[in-house]
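Structures given as structure tokens follow.
Heads up, the next two complexes both have chain A, just with different partners, chain B and then chain C.
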Partner chain A sequence: MSGETIDLAVVGAGPAGMAAAATAADLGLDVRLLDEQPWPGGQIHRGVDRLAGPKTTDDPDRAAGRALLHALRQSKADYRPRTCVWHVGPGDDGVFELGLRCDGAVALLRARHVLLATGSVERAMPIPGWTLPGVMTAGAAQSMLKASGLCPEGPIVMAGSGPLLYLCADQLAAVGADIRALLDTTPRGRYFRALRDLPAALRAPAVLRRGLGLLRAPARRGIPVHRHVEAVEAVGDLGVTGVRWRRGGRWDQTDCDHLLLHQGVQPHINLPRLAGCAMEWDDVQHCWKPETDDWGRSTVPGCWVAGDGAGIAGGEAASDFGRLAALGVAADLGALTREEAGRRATSHNRALAPLLAVRPFLDNLYRPDRAFMLPADGTLACRCEEMTAGDIRKAVADGCHAIEAVKQYTRCGMGACQGRMCGSTVPEVIADARGVPVSAVGTYSQRTPVKPLPLTELAKLDTVLNPPSTETAA
Partner chain B sequence: MSQESLDIRFRRAVRRATGEVTVEVDGRPIAVGEEDTAAAAILLAGALPNRLSAVSGSPRAPYCMMGACFECLAEIDGVPLQQACLVQVADGMRIRTAKGSPT
Partner chain C sequence: MTAVTADVVVIGGGLHGCSAALNMARRGLSVVVIEKDFVGRHASSANAGGVRTLGRDPREITLSLASLDLWHQIESIVGSDCGFQASGQLRLAETPEALARLQRRVDMLTSQGFDHEEIIGADEVYDILPGLRPGCVGGLICRRDGSANPLATMQAYRAVVLAAGVDLHEGIAATGATRSGGTWTVTTSAGAFEAPVIVNCAGAWADRVAAWIGDMVPVTAVAPCAMITSRMPPSLGPVVSTESRPLSLKQFENGTVLISGSLRGVADRNTNVAAIKLAPFAARAATVLELFPAMQGAQAVRFWAGIEAATPDGSPIIGPSAAAEGAFHAFGFNGHGFELGPGCGAVIAELVTTGSTNMPIAGLEVDRFEADPGVADGARRDPIEQGVDHAAST
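Here is the complex of A and B:
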């Protein structure tokens, strides 16, 4: 292994990572930006470097993405696409070690500071039939459209809750998608409860206006919207052929070739968890997130978290959080005085204020509904190991109370996805079965490698990695 | 409701400025954008299911398109179990799915 040590390794080339890498490099730091995708932008700015998107209600994101990309390309940051980070943790001398894999070759990188900007993943929506071909997340369909200009062919049904569902419906409809129904599972009463947070949200009229425009977009495009849907099922054998749903106690159904699901997003915490960052439960967003200070500093010295990976605030906020973390790192490394960092932070914090003011309203409105987090006994909770919610309930009944015990017993969370798909459902089912709050159950611990790695490749590394922390929150 | 075979696919809705390359999906040539992923080629070709699950052999298809779910696994240029949503196509790339190799 080369003894090369850089100042800052940024993981994830979405808005937080791009902004952080450019800012830190402009301050003279030796920065490497690592990203698994072949192209920069993360999920929100996918394809920003090449494809002219369809004309939709929602264009401001594209301009923001182009500006971020331009700043990154102007900077001296060393951007590495197709690079999977399968290990991160402090080495013996306090310098971070990152295990990388690019084009089938593994390597180790040493960095004084590491910024984890791994964004969010869509929360699972484990309904009957959700593993059938033809069923995918709304975000996945949106990615295909943004990155490749592809659209599902034939009749489509969309189901779930949250702004992305409406945005995706609008974008797909704009290119002529045949959306037969939008099944909104946001429960009755949510709008009313969210109203108490409306005054604060009014500080961000532009954000609210954009949201309202989106909510009305499907109806304007002639897509039938069914609100307060209580249950959804994908029907089919080899692949999806239709969707059944219940509303006001009555079942209805329609044929389709595609079902796009969405149930909000949550921080992608596998790497912060592996690095040993302390986690906290966000009760309103109903998810775990790394504990961070105003600069994005985690509880592990030298390890920072920025963007949606530190708590969902959206792509626009993510870039400012990324810049704040870059300033923090630069100040710690002495590339910038504390005073100067503080002075520069002011403008970023000012930009963030309205974006954060609107969060309580959105978060309360789109709080995930228990009905879609607690699948029936026969429904798969874990796609990789094919464990049903009933299997998990049985494990709890057999005495497995801690999440790690359930994991050992059922193998949930030990498959290829390392808990990225079942990580929200399994704790929910355990908590429900034990009659305790889900925050008391904790979240899966993470081990190296966080992405499957052929052992033959791992063996080529001549350095022994320090075992990461494995304690759980339970 | 039983199905004999599956025909679920995506279509090109937005034309792009970048060039085209030809890849093979289960032995059939298909033109794709040079900056598409192998998973995009699979969806355009309607080569679903691209994999059968390890435990029960149930049909699966790309689900997240962002490297998280591992449902897009396919054989690419002879290397099995590649995450097709993270691999950029190249001219002459050979992609093999479960649909093209029935067991």
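Here is the complex of A and C:
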């Protein structure tokens, strides 16, 4: 069996992972930070080390990103870009075994502790036509912009709900994108409901101020904003050519070459699920998240979760959650006394308090609307296996109640993406068909590899595990 | 709460429980099936879909051939073709020694009057598998074997069992069984069920059910594993295994390729969790690429493990209880019970309704491990069978 066992493997080099890796390494732990992207920063600070970046209202983020990167570079943490973690599971002797691939090579890494800091993913927004070429998520467009400065050409429509939609609109407009309309699908009632949580949110005036600024930004840039949109459809045959929407009962439409959808983000839990972490349902954020204690400790001993992957709280909070988890790991490994860890945690918890106080307001305001999560019968729910919402409803009518039963019946979630795309939609359709809350339906199980792995690389793992004998005949 | 009564209570809603229930209902019995999770939750959906008579233990051959006949008419039995393709099963001989072993097996079968396994030469091997790397010297083929789609199969069985009037209870676990005055009472997490007959098809959990009946069986829960690849250009050849190393490979109609063969993970039947181990997957991938260079472009999409019962001698337990009246067993399929599903259910129904069967099932008795301690510690089986067992698992 190859190789050494390290103290801590951190998966994901976003703010949570960067902060955790630097903190743990500074405490003397042997840390490796793994991320499939070629650069550090994760989603929010993507490209922080390279491009000057679009000049937008999110400048405070870039300063924070640079500080995190500086701390990481100063530390002894071993940062490995372009490294995809495709497996995490129990190894033979009580340590974790991680399957890695990097530049065509595979490796196994053994670690006493694992911190999963894999951030969030956007919810699918399965409106009619969502699978047409030219339709993508707002986050995907943002990634392209941050990674390579690319912006979709031609007229764009953006639709959905949540702060990220406005942020993306602003960032794209700043580099000259032709945004014809922003269709905000946040239902009317949400604003009143969220008002209840406003007093608490006032503890974080800076966050609110920034949010307000973002809400006004599109209008300031001359983008027509349509609020309380009730329905959206992508129009086109071979690709999207326009968008139709309903507002106040009236349909309207405009031509476009690109439709960017966004329906909020949810924790990216494929690795925690693979590791066997118990999940809990967050009713306000309307998502599953790993069950953790205040330090980020999951229900699997030695497996930790931090950042948006443990519950959506944003980039700024993520770095503090990452540091807390690093302290927890260090204390468990004896690199730090419990008292010292507790003492250091105080300042992080103090920094987190206002950031968390603002969540109920934001979460209630942008709670995903069922209307946009439940595709119509003829609309695809699972792209890989080409299953429509109607197919899923039929499976339920035929007696499949558990999500795993529907999965076996329809093959939804068994394709190449293993439910990354349909993981929020399919449970929603089942819950609707059965008339139960979506929390009662559960989530897909996750299998290795979390991303498809070339057979040639898997075969190389055989050589890693069983090196060809170099002995010559004696 | 008063107990639900029926002619038969079946414990376990896998392929074997469903098949037994279907056959009994069609013989006019009122049948209850109790399934703790949902139909096909375990081995019967997780399996590799191999419909293989090739390489069977002699005790299972007649039953497996009868079951194969039923697979060939599966649509008339369950109203769906279950994705069954009679594409054959082919075991490659990569060396002359391997071919000699296969020949010895065929000689043994011939002496017992079987002719379904056939030696073929290298030319025919390469006709069948043009993409196979050069160097194989021949093979052993069962032309009527093939594969089916386990998910489609369990879907069809569930529907047809319901249509036949079986009273199916999913999400309910049997917690005990007692017999008095000729009636079995099966207690469950949701009330009691009473019947003169019970049938134990509880898969990897069946030794527990057997113990309620009074039959003690040394069954272990194992976790056979498999992986599926991305869609590849169709070749739709036979299911391929090799004599000298563990491998089983088959392509489904949708182009995906299933790779398995003695892959073993770790099963925990208390939590329903079966965990994989990476090393054997890597080894199988290496074998596949060596034999089929065209698989270079494939991606491994999903690895999985299922929970299955293994017996000390590698063969199932099929037949009446040795300890009590009105109780029957069908479990312990050691990773090759999918093929036996249609046939075994028919045999159980025959036993239950007539008290006997013409199907030779001698050697599959539930009490055979008590009688033969040598068998119980696993010291048996000739080298031919050991070799055959490589692919036997999946």
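As a convention for this text, the second predicted complex is superposed on the first by the 453 of 474 C-alpha atoms of A that agree within 3 Å, B and C clash if a C-alpha of one lies under 4 Å from a C-alpha of the other, contacts with A are read in each partner's own complex, and residues count from 1 in each chain.
The criterion applied here is as follows: a residue touches a chain if its C-beta (ideal position, glycine included) is under 8 Å from a C-beta of that chain, and two chains touch if they have at least 3 such contacts.
Predicted, not measured: the structure shown is a model, and the values here were computed from it.
In the superposition on chain A, no contact is made by A:R350 with either chain B or chain C. Greater residue coverage of chain A by touch, when chain B is weighed against chain C, goes to B. In the superposed model, A:A402 makes contact with chain C only, not with chain B.
Of the two partner chains placed by superposition, A:R227 touches none, neither chain B nor chain C. In the superposition on chain A, contact is made by A:D237 with chain B only, not with chain C. Contacts of A:R196 after superposition on the shared chain: neither chain B nor chain C is touched. Judged by the touch definition given at the top, the superposed model places A:A416 against both chain B and chain C. Contact with chain C, but none with chain B, is seen for A:T448 once the two complexes are overlaid on the shared chain. In the superposition on chain A, A:G99 makes contact with chain C only, while chain B stays out of contact range. Overlap of the chain B and chain C contact sets on chain A: residues 415-416, 452. For chain C in complex with chain A, the touching residues are 37-38, 40-41, 45, 151, 154-155, 158-159, 162, 170-171, 228-230, 273, 275-276, 278-279, 281-283, 285-286, 288-289, 295-296, 298-304.
The part of chain B that touches chain A in the complex is made up of residues 1-3, 5-18, 33, 35-37, 40, 43-44, 48-49, 53-56, 58-71, 73, 86-88.
Of all residues in chain A, those touching chain C in their complex are 87, 89-90, 97, 99, 108, 276, 398-402, 404-405, 408-409, 411, 414-416, 418, 447-449, 452-456, 458-466.
Remark: chain A residues 36-39, 43, 50-54, 82, 84, 121-122, 131-137, 139-141, 143-145, 147-154, 175-177, 235-242, 257-258, 268, 383-386, 415-417, 420-421, 452 touch chain B in the complex.
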